[in-house]
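Note that chain A is present in both complexes that follow, paired respectively with chain B and with chain C.
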Partner chain A sequence: MNQAIGRIVLTAPRRRAAGRWRWLLILPALLLVLLFLGVPYLNIVVMSFRTPSTGAPYAPGFTVASYAKALSDPLYLGILWRTLRISVLVTALCLLIAYPVSYHLARTRSRFRGLLFACILSPLLVGVVIRCYGWIILLANNGLVNVTLRQWGLIRRPLPMLNNEFGVTLGLVHIYLPFMILPLLGAIQGINPSLEEAARSLGASRIWVMRHVVWPLSAPGVQSGTVLVFVLSVSSYVTPVVLGGSRVQMMAPIVVQQLDEAFLWPFGTALAIVLAITGGLSVVAWFRITQRLFKGAL
Partner chain B sequence: MTALAIEGLRKTFRDAQKGRHVHAIDTIDLHIQSGEFVSLLGPSGCGKTTTLRCIAGFETPDDGAIRFDGTDVVHTPPERRDIGLVFQNYALFPHMTVAENVGFGLQMRKVKKADARQRIAAVLDMVQLSDMGGRYPRQLSGGQQQRVALARALVIEPRILLLDEPLANLDARLRDEMRFFIRSLQQRLGITTIYVTHDQAEAMVMSDRIVVMFGGLVSQFDTPETIYGRPASRQVADFVGLSNFIPGRITGREGGTRLLVETGLGVLKCDCKRPPVTHGRAMIVLRPEVISIAPAPPDVPPGTIDNLFPAEVRERHYLGHATDYRVACRDGSVLQVLGGAMDEVVPGREVWCSFPPDRSWLIPVLPGAAP
Partner chain C sequence: MRTATTAPERVGHAVFVTFVTLAYVFLMAPIVVVVLASLNAGNYLKFPPEGLSLRWYATFFHSAPFLNAMAVSLRVAVIATILSTIIGTLAAVYYTRFTTWGRQTLRMVMIAPMLLPEVLTAIALLLYYYVIGLGTQTLIGLQIGHVLVTMPYVFLNVTANLGNLDPALEEAARSLGASPAAAFSRISLPLMKQGVVNGAMFAFIISFDLFSISLLLKGVDTVTLPIQLFDYLQWNFDPTAAAVSTMSILVTLTVVLLTDRFVGLRTVRF
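After this line comes the complex of A and B, so read on.
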């Protein structure tokens, strides 16, 4: 008894001391983020207000001219709009395709479950560039799909599937699908199957169970999956460049173009900031919407 | 109300690891009357849950029929069987309030809103949760959640109520309370009920009849009294309550039903109606409370008391409501005896044991077992 009290007295202050120094554990991560993300970001923000120059990255003095141009030039507004539009479409398509896959994978007791899982993850092992070039082989005018369709006599002229929004959307959906499947899979696995059985026993059809039990309870997965895919699509670079060419311009390639080719650092960074802010606001808005959509489940 | 008949039900599962088929249910026949409370009792893996899931419609049997009032429902999907199902983990919808949970089945049946509200209130009142309708399941205790699950199953006025170990996650005290609560509710509503459990005490207290299952087969289907007093086999006797088994050989008959059994304790008399064995090798089943012990031989002429034999006390455990003695007989066998606390009956002491012939039971010796 006395010993026990002694032990409590002895351990209590030590525990408090541990609490005081606990934040040290996140220090490495914190430094990494601050140094390699925070500081450069700050640099970008500062750069976007610089005065442009032709001989050097920027001239002395500050201006909001870059933002004025980014937000008034119909060319750039159009590209921003297209970027958001394609990203929303890609997110919706990913959700549509991923949901049944995730549900099946979460519920199956098949021997091939592991294999299926590997199939879903395996594309991640191949670089984005290589996968996009793979699509070129399939989608080009003299690519596999067009040649086959022509040989079967189904089409006369090749279907345009490259250097247009179709190609970019297809490529993005393919590349980002695992990022939708994985969070959905996690969320659906977390739903006890007996909930579905309970609903069935109470008279709900399979479809009704999906709509009113599984879907709302998978809300956290839907939310994180959609945000992940949307953010990745908005900032995608390789796919629009390779599959969209010069005709389907999206924000990330344009930003790089301004920095790299046009050497307009202030304007390029301003575009990047505009993209980041619109993307961020879209995510916030989406959180609001889902919160309302899945009332009670989130 | 609905009578339930299960005829020749069989179900095999593929064991993914071993790659062979395992009989979960190996031919079961049960006829359950309308309004009856029947428990499926057995160890895990005996097929009781699979049977329940077949009745509910979540498993399709390989063979056999499941009849609700004579109509085979094997090919009816679960949502059209009109069953109430209560799970061990309650399976309440976490994103719905208590009232929404209870109202789910009514919504499926397209019951009018005002009507539904009334029925929800009535059933919540019945399970004593009238003021909990607006809460979410996570805000309730385990016992309350279980009662919501019960209310949700009952509000649709199902033809058959199926309960899958509904009390397994509750603490002992609450479990005790819920047993009587569920039983009285069932009797009040007169609803045909199938109750799956591995807890023999639960099955005893609640059921009209008990199905004892082992290895996908029905070992015995009878009233609790019969299962306890006249078990069909050693497995049943072992699973339901505590038992002593005295091996022997039936050597003769005395009067109408009294059988003489030659055992290591001498010739014992067993008076039982239609035991499963009447000649040859047999086991006497003695429940611990049937044997009485006395510190001294009774003061009557020898032969007056049936089945009297000496033994030595080995252990003595005070249980509160009774005392648990272990006594060693002359032939070395150890018997368990439940009796009153007697100060003079202590380990090492010689005592006299006896049991009334009509409270013993005879079962066959398992083939291959030692005599």
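After this line comes the complex of A and C, so read on.
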């Protein structure tokens, strides 16, 4: 006993000495995030206020001209509007599809439960380009869907499903659906099934139970799922390019084009920041709306 | 168990089950179709298929750009996995053990690369590399980008794992005379193995499929597989792309199965 106490006393100063070097553990991660995320983001904010130039990416001096152009040019406002419109539609469709799927998976006692869960996760393990390519195989003019429909004599000319908003919306819903299902699944699994059984045994219909018991209690899942899908859609790059072609232009590809191809750094970054701020404000507005929608539930 | 159901409720249940089944079909269809197309003999996938063939895989193994891109992708993903696993694990140990003030802030800082839109981070890094003179000619810039966005996945997995660890275990070892280093390496390290390996798995998969950062930070010889596939799909739709995609899916699937085999998969919450 005495020996043990002695040892603890002996090791105490050494422990304090080790404590002085603890911060070395966090240093690499902190440097990584500050130097390669913090500073670069600050840099694009500064860049967006630089004076545009024709010969070089930017000229000395500062101006708000790029923001004025980004916020007044009908071309870019139109693309911003389309981006927001498609993202809201994608979010709504994802919620509509994900809710029954999540509810079913949360409550099922099937032995295929693990397999179903793997089906929801597996799209996340397949690259976005590959998943978009899968939709091309299905939806192209000589793709599986059109050819099959023609063989059955249901259509004469192929249905246009690519290079339009339909294709982009469908692709985005597919790619972001797991991001809606996972938070919803977590929220619904957290609801005690006996609450539903109690309501049912008191004579409530299934619909009433869903509307007045399950839905309000799943509010946190609805909120985080919708925010996640909306933010991802607003900033999506691959899907609009691959499934929308040049006809359905969205913000992220336009921003990349301005920077990577046209070398208009101040304008491109201003456009990116306008997109980020619009997206951020939409999320704040959505938080307000859901707070009112779910009243005390959040 | 089940309360008496009325006829409309039975119809409702049938509709519900059909809807859920269709949702699963919708989720899996594009992936299944890609794999089928890669094995199909014809140029277009039809039902009934025109016969099995491995010719598109032969094209893949004779295509220098695709083979090169696969090599670049694997190299970048392996290096990113190693670095972000080390950096993320150290940060997670510090976060769970030693943070006393500013915990929430530190957590937000650590997962910020995951929360910010990838395309915006890619743009920010591209301009930054030009400004500091690093450019995109070498792999370094692209590699740092991959480490940056994969690190949060390791951090989250390891913190979740360490959070479930009972500190009393290590204290018990200490009170029995083990040095702090010994207590950590003999007690905590084996117990956190699962979190670390799962984090590493996520880091590999995210890096292997990363798009925007690889697109904007690519140099002449540093094109990764998703970018090569993307470029190919701008002009061609032949099933070589399907063979490439299937190979890529096989790589990630192997990593997942190996992880499951050796430490078991953990479910992570987003």
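We take it that the second predicted complex is superposed on the first by the 265 of 298 C-alpha atoms of A that agree within 3 Å, B and C clash if a C-alpha of one lies under 4 Å from a C-alpha of the other, contacts with A are read in each partner's own complex, and residues count from 1 in each chain.
As a convention for this text, a contact is a pair of C-beta atoms (placed from the backbone, for glycine too) under 8 Å apart; a residue touches a chain by one contact, two chains touch by 3 or more.
Predicted model only: the values in this text are computed from it and were never measured.
Contacts of A:R200 after superposition on the shared chain: both chain B and chain C are touched. Shared-chain residue A:R111: touches chain B; no touch with chain C. Of the two partner chains, chain C is the only one that A:V33 touches; chain B does not reach it.
With both structures placed on the common chain, the touch criterion links A:R22 to chain C but leaves chain B unconnected.
Of the two partners, chain B and chain C, it is C that touches more residues of chain A.
Applying the stated contact rule after C-alpha superposition, one finds that A:L125 touches chain C and leaves chain B untouched.
Once the two complexes are overlaid on the shared chain, A:L259 sits against chain C while remaining clear of chain B.
Contact with neither chain B nor chain C is seen for A:L271 once the two complexes are overlaid on the shared chain.
Of the two partner chains, neither chain B nor chain C is touched by A:M180.
By the touch criterion defined above, A:W208 reaches chain B but does not reach chain C. Residues 200-201, 205 of chain A are contacted both by chain B in one complex and by chain C in the other.
Across the complex, chain C is touched by residues 4, 7-8, 11, 15, 18-19, 22-23, 25-26, 28-30, 32-33, 36-37, 39-41, 43-44, 47, 57, 97-98, 100-101, 104, 116, 119-120, 122-123, 125-138, 140, 142-144, 147-148, 174, 177-179, 182-183, 186, 200-201, 205-207, 224, 228, 231-232, 234-238, 241-242, 252, 255-256, 259-260, 265, 268-269, 272, 276 of chain A.
Here chain B touches chain A in the complex through residues 16, 56-58, 77-85, 87, 89, 91-97, 104-105, 108-109, 136, 149, 152-153, 156, 162, going by the rule given at the top.
Per the touch definition, chain A reaches chain B in the complex via residues 109, 111, 192, 194-195, 197-205, 208, 213, 216-217, 294, 296-297.
Chain C meets chain A in the complex at residues 3, 9, 12-13, 16-17, 19-20, 23-24, 26-31, 33-34, 37, 44-47, 86-88, 90-91, 93-95, 98, 106, 109-110, 112-113, 116-121, 123-128, 130-131, 144-145, 147-148, 151, 155, 175, 177, 179-180, 205, 208-209, 211-212, 215-216, 226, 229-230, 233, 237, 241-242, 245, 248-249, 252-253, 256, 269-270.
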